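Presented below are the structures under discussion, each in the form of structure tokens.
What follows is chain A paired twice: with chain B in the first complex and chain C in the second.
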Partner chain A sequence: MSDVLIDLQHISKVFPPDTVALADVSVSFKAGEIHALVGENGAGKSTLMNVLYGLEHRDAGDIVFKGAKVDFRTPREAIAAGIGMVHQEMLLIPEYTVWQNVVLGTEPVGMFGTVDVHRAREGVRRKIEEFQFNLEADALVGDISVAARQKVEILKLLYRNVSVLVLDEPTSVLTPQEIPQLFGELQRLRDKGHTIIFISHRLDEVLSLSDRVTVMRRGKVVSTSASSSLTKQDLARQMVGREVLFTSRRSPQEPGDVVLSAHGLSSSTVEHHSALHDVTVEVHSGEIIGVAGVEGNGQFELVNAIIGLIPLTSGRLTVGGRDITHADILARRSLIAFVPQDRGKMGASGAASILENAIMTHHILDPSFSIAGGLGLSHRRATAFTEQVRKQFAVSMGRVGDSFHSLSGGNQQKVILGRELLLETPFVLMDQPTRGLDVGSIEYVHELLLDLRRRRRAVLLISADLDELFMVADRIMVMWQGRVAADLATDATSREEVGYYMLGGRETAHAETSS
Partner chain B sequence: MRKQALSGILGVLAALLIGALVLLLQGFNPVVTYAALLQYSLFSTSGFAATLTRSVPLVLTGLSASIAFASGPANLGQPGQLIMGALGATLVGLFVRLPTGLLVPLCILASLAGGALWSGFAALLKRVFAMDEFIVTLMLNFVADYFALWVITYPLFDTSASSPMTRPISMAAWLPDVGGVNASVLVMVLATFICWLLMSWGRSGYEWRMTGQNALFARIGGCKVDANYVRVMLITGALAGLAGGLMIMGGPHRFVKGLGANYAWDGIMIAVVANNGILATFLYGLLFSMLQQGAIGMELVTAVPSEFIDVLQAIIVLVVVAGRVSLNMVFDKLATRRKLREESKE
Partner chain C sequence: MNLFFGLVSAMLVGATPILLAAIGGTFTYYAGIFNIAMEGMMLVGAFCGVLGSFFLHSWLLGICCAIAGALVMAGIFVLFAVRLHTDEFLTGIALNLFAVGLTTFLLRDIFHVKGAFTDAGIRAIPALRLPLIDSIPILGKLLSGYNLIVYVAILGTGLAAFVIFRTRFGLRLRSAGYNAACLNSSGVPASTIRICSLIICGVYCGLAGAYLSLGSVRLFAENMSAGRGWISLAAVILVSGNPWGIAIISLLFGFFDGLTVFLQGSQIPTQFTAMIPYIATLVSLYFYSIRKVRRS
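After this line comes the complex of A and B, so read on.
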């Protein structure tokens, strides 16, 4: 337990132009331990592991593995040396079975270069038995749960005989009920002599699972210590650099009139979208409705249906009394502020300037942006508006003409939030507004959400983070397979109950907890 | 912007150096060659005027491609649109009898309409049948080519000519020379200015650029991306058509076989080198025109074949485009070093 297996020495990594992701980071991992790497988003945990794994190239520093300097240029080399990494996004082929996915890339080959099916399947079966993974080798990956898919990812690496497993936020895709099982399996792996490096920003699970914890903040190592000597408060303080509150800050407030009324929304399956089935939501002014669910259960489709990106087969949608069931996107945007989950894909153009990103939609809806009878855009007005966003939303940025992707993730999100909230619409639609942000920015967004509630706007908040929903939402709606599985008052429910519905526990829509 | 100007100038200089090396290897004197090139394109009155006139189709088709590529649509139909524009101007010039003050604008309108008709057809196929404009505009180039050949060989054939061409258009539609420079140059400069206004200050230009960079973002932002697509196709087609019309009205005054030559393809190349910038397209258009015009003088004075200019153009394209990317990488590397040094001082 005491010998050092991997020694990262003075690693530095800069993302041009000037983002220092890692600044002189030194950590050592011992053989046969579960070592948690914690820190806010953007602290450099994933980057550090990507450097080790050969996915990113370091700008300075050395990696010592089993006493010798190594330099993996690709993940393939890292795996060959015995280090494997499971990323947040799973890279499996849903049409293939479990064993096919596991052997893919290292298939045992029979005569004439064909895959030796029997040998491959038996090999995978033996591994499943050896590690007591509750998996069926012949099941289609598309049919099994997210938790099971994660096991397949781990199995893939074990099949390649890695001795070190790096897991990047493995619990972020799991429901509360699935987490203990994963932890049991990881502990079994450790007891068999594997070394596990576990990236997370969830403090409870870090403390319950790991032997040692390294805390990172802003590209630097804050401390490495034995988990048994730490409390959750210690970790949070080290991560953020100050005290953090874990309690709800919602003040009691009576909701007002109905603002968003979505009644019986249904959609057919288009491309990769799953269908919506009779989804009904009401959001009142001065109220935040949270939408929970395992990813891919219709939340994204609900968002797209409200904003007008996918057609409805039935149902009625009104905002502030205006029927927008058949309205075009522009008409909807005068009533709906929308913060999408994916900044790069839907929320902004990275190549454009900050100003160009800030004025979108305003350039149509706000007549003061027009010059020459609507033909031209007023640069003066656009600049003043961008400055207003900067000031009001505390964006740290250079000039308004700088490119949008020169901003940090948190500042990008602030520009988008500023743009959307300054639309002054009665209804605000937020799809995972804190995804990928650091703790400081997350707190900022939460404050913003509560402020919107105080100012009696209606907010629909889709989130994969239950803590977030419990902190700010008045009610939590759980989606499962395109339906509303439950509609719960936040103060009268628990994480366990929400998790139960997230797994499709009961199918009674609109439980009797309505207020 | 400053970075782009720097990489452009460095790229062109580097390309000229490589060109000089090629000349040396072939046993030519690069100094004499380049001097002849400049003499016949810039430093003689007639050469300079010819350079400007030649730049008209290059710049206009370049602008067409630049605006299309920056806004999303892969309009590669400039050659066909140029021909249809030229045909439009020819038809009006042949059959409409009006005084100059009216006929010239009418011919210009006809050339705009001819080009827009051709790109509009591609846009229509995209909207109705979801056919990709990338392939449709390319194929329509051939259709325009053979259609024009048929028109000038049969219905509009000048019976006194020995090869396919139309009769000359009405004198009233000829563009005069103003101070030694053909008036088509003025129209081109005006068109460039309007394009610049549109893309830098116009609401449409903003929406088009955003759509070109991230169509979903623009759509969610409330931009009418479908209508904008059609507008971009029509306007870029009209620009290429204008190039054709001005070639008729300023040059041979009739539709001659092989009229469009390679101008439109060069224009597309210019848009790529200019990274779809309006001002950059204008400047590279002048540069390429200068090289092509100078090639004639170079061939007169030296033994260097004019094909060398094709080589030089290709080198410029490669060096500038590749240089833009690698220069950015160099800037990034420098920034990385600086940052690391700052960090270690802390």
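After this line comes the complex of A and C, so read on.
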């Protein structure tokens, strides 16, 4: 347990021109431990691991592995030395079976250059048994769950006989029920002598799984300590640099009249998108309704149905008493503020200027933007409006004419939020508004959401982050296979109950481990 | 009965170049390259085939030259689309236009003719009489006696199916098309696989070109590939790259191509009969799309 396996010494990395990603970082990982690497987005955890793995080149520092200095130029070299990394975005081929994915790149070869199917399949099966992974070697990867795909990724590395596994936020794609199963597997791997480096920003997980924890903040190591000596509060303080509250910040408030009423919405399946089946939602003024669900269970379709991007086969949709079931998108937009999940594609035009992105929709709905009866655009009004967005939503940006993609992710989202919230619509539709933002920006968005609630707007919030929903939503609606599986009052439910419905009300995770 | 044999023979003659080019195209299709340069590779192959056969007095060297010519085209594609990351579609268009211009220019510059070059000195690729089968009455007439390249095409199709679906190279080839990032992270550079697929495509297209100019005829005419490369592209996309599916589609086009020849003697103007293969392409696209729409 005590001998150091990987020693990272004084690693520095600067992204040109002057972003210091890692500043003199030293961490050592011991053989046979689960070592968590925690920190906010941009703290440098992933960069540090990419440097170790040969994906990024360091500007200074040494890497000592098994007592010798190493310098992996490609992941291939790292894997050959026995270090493997599982990335957040999984790299698998859905059209291939589990065994084909696992052996790709190191296929056993038979006569005439054929893949020795028997040897490959048996080899993969043996590994599955050895690590008790509960996978079917012949299943198509496209057909299996996200949790199972993650296991395939891990198996792919184990098949190459790595002794060190680096996992980049492995739980971010899992439901609450699937997490303990992954942890069980990781602990089994540790007990067999593997070393596991685990990147996360979920503090509960870190404390329950890891032996030691290294906290990073702004490219520096804050501390490394045994997790048994830490509390969640300690970790959060070290991560953020100040006290963080984990309790709900919702003040009690009686909801008002119904603003959004969606009754019995159904749609047909279009190109692999799941259909909606009889979805009914009501959002009152001064209320935030959260929508939870494993991705691809109809949340996206619900958003598109409300905003008018997909046709309904049946159902009725009203906002503030106006029937918009058959209204066009522009008519809906005068009633609905909409923050789409993909801010780069649907939310904004990256190549257009900040100003052009800020005034979208306003320039049509608000006559003060036009001159000569709609023939021209009032540049003065547009500039003033963009300045208003900048001030009111604290956007840090250059000139209003700069391109939108010159902004950071958080500032892009602020421009979109500003544009939408200044529409002053009774109803606000937000699809994953905090996805990909850092902790500071997430806090800001949550403040905005709670402010909307205080100002008695009606909000429908779709989110993959259960913590977020528990923090701001009054009710949590769980979607499963295009239906509303449950509608729960936030204060009367738990993450476990929500997770249970996210999996269709089946104890899948437990069933899988026992079989 | 003779009409039937004639039609079968015409069908195979028409199908062979399309089949060869399409099988070449299916390798690049699986490797995830939008390769439309089969037309140009085939045309340069046809020209180089005549060049080699005429000057080196050997049909075998003619075939070698045809393959070499098509490989040069494939090499240009590799340089631009794979190495320099230019747009594959534009690269393909440029290569196809370049091929027409180049072969027309060289035809005038080397052979001093306009339109077409034919000469008794061009050695044609011989027909092959299959031993044993040739002596069986009807079967022999049906299966034996075609041009060597026809049999090469059939073997080439089986070989392609084997390589793509059974071998290690095939597994990696398809990975390059499905998810190149996954293949790269598995330690196999996708660009290497793509370069291999283009080289294979060049070989097949070179054979297709050789068949055009040294197979059924012994001549090179300006733009003699006449859209066959495009039809082969349609065949690849139509069946999503499946080699046996490509064979069936190619036979279908070959049949209509053969029909064209048969109808030339009839009352119908040749301009109309010449349209048949292309109309067949549109019609099959129509039915294919209808089926696809219904299925989803």
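Assume the second predicted complex is superposed on the first by the 457 of 515 C-alpha atoms of A that agree within 3 Å, B and C clash if a C-alpha of one lies under 4 Å from a C-alpha of the other, contacts with A are read in each partner's own complex, and residues count from 1 in each chain.
The definition used in the following text is that a residue touches a chain if its C-beta (ideal position, glycine included) is under 8 Å from a C-beta of that chain, and two chains touch if they have at least 3 such contacts.
Please read these numbers as outputs of a predicted model, since none were measured by experiment.
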Report task. Pick one for A:A226: touches chain B only (first), chain C only (second), both, or neither. Result -> neither
Query raised in the report: More residues of chain A are touched by which chain, chain B or chain C?
Result: B
Query raised in the report: Should A:R76 be classified as contacting the first partner (chain B), the second (chain C), both, or neither?
Result: second
**Report entry** Which of chain B and chain C A:V4 touches, first, second, both or neither
**Finding:** neither
Query raised in the report: Which residues of chain A are in contact with chain B in one complex and with chain C in the other?
Result: none
Query - Touch list for chain A against partner chain B, complex - result: 12, 14, 16-18, 20, 23-24, 59-60, 307, 309, 329-330, 333, 338, 340, 345-352, 356, 360-361, 363-365, 369-371, 374-377, 379
Query raised in the report: So in the complex, which bits of chain C are touching chain A?
Result: 163, 166-172, 174-175, 178-179, 181-183, 185-188, 296
Report task. Spell out the residues on chain B that touch chain A in their complex, using ranges where they run on. Result -> 197, 201-204, 206-207, 209-210, 213-214, 216-224, 331-333, 335-336, 338-340, 343-344
Report summary line: As the complex stands, chain A meets chain C at residues 75-76, 79, 91-96, 100-101, 104-107, 109, 112-115, 156, 271
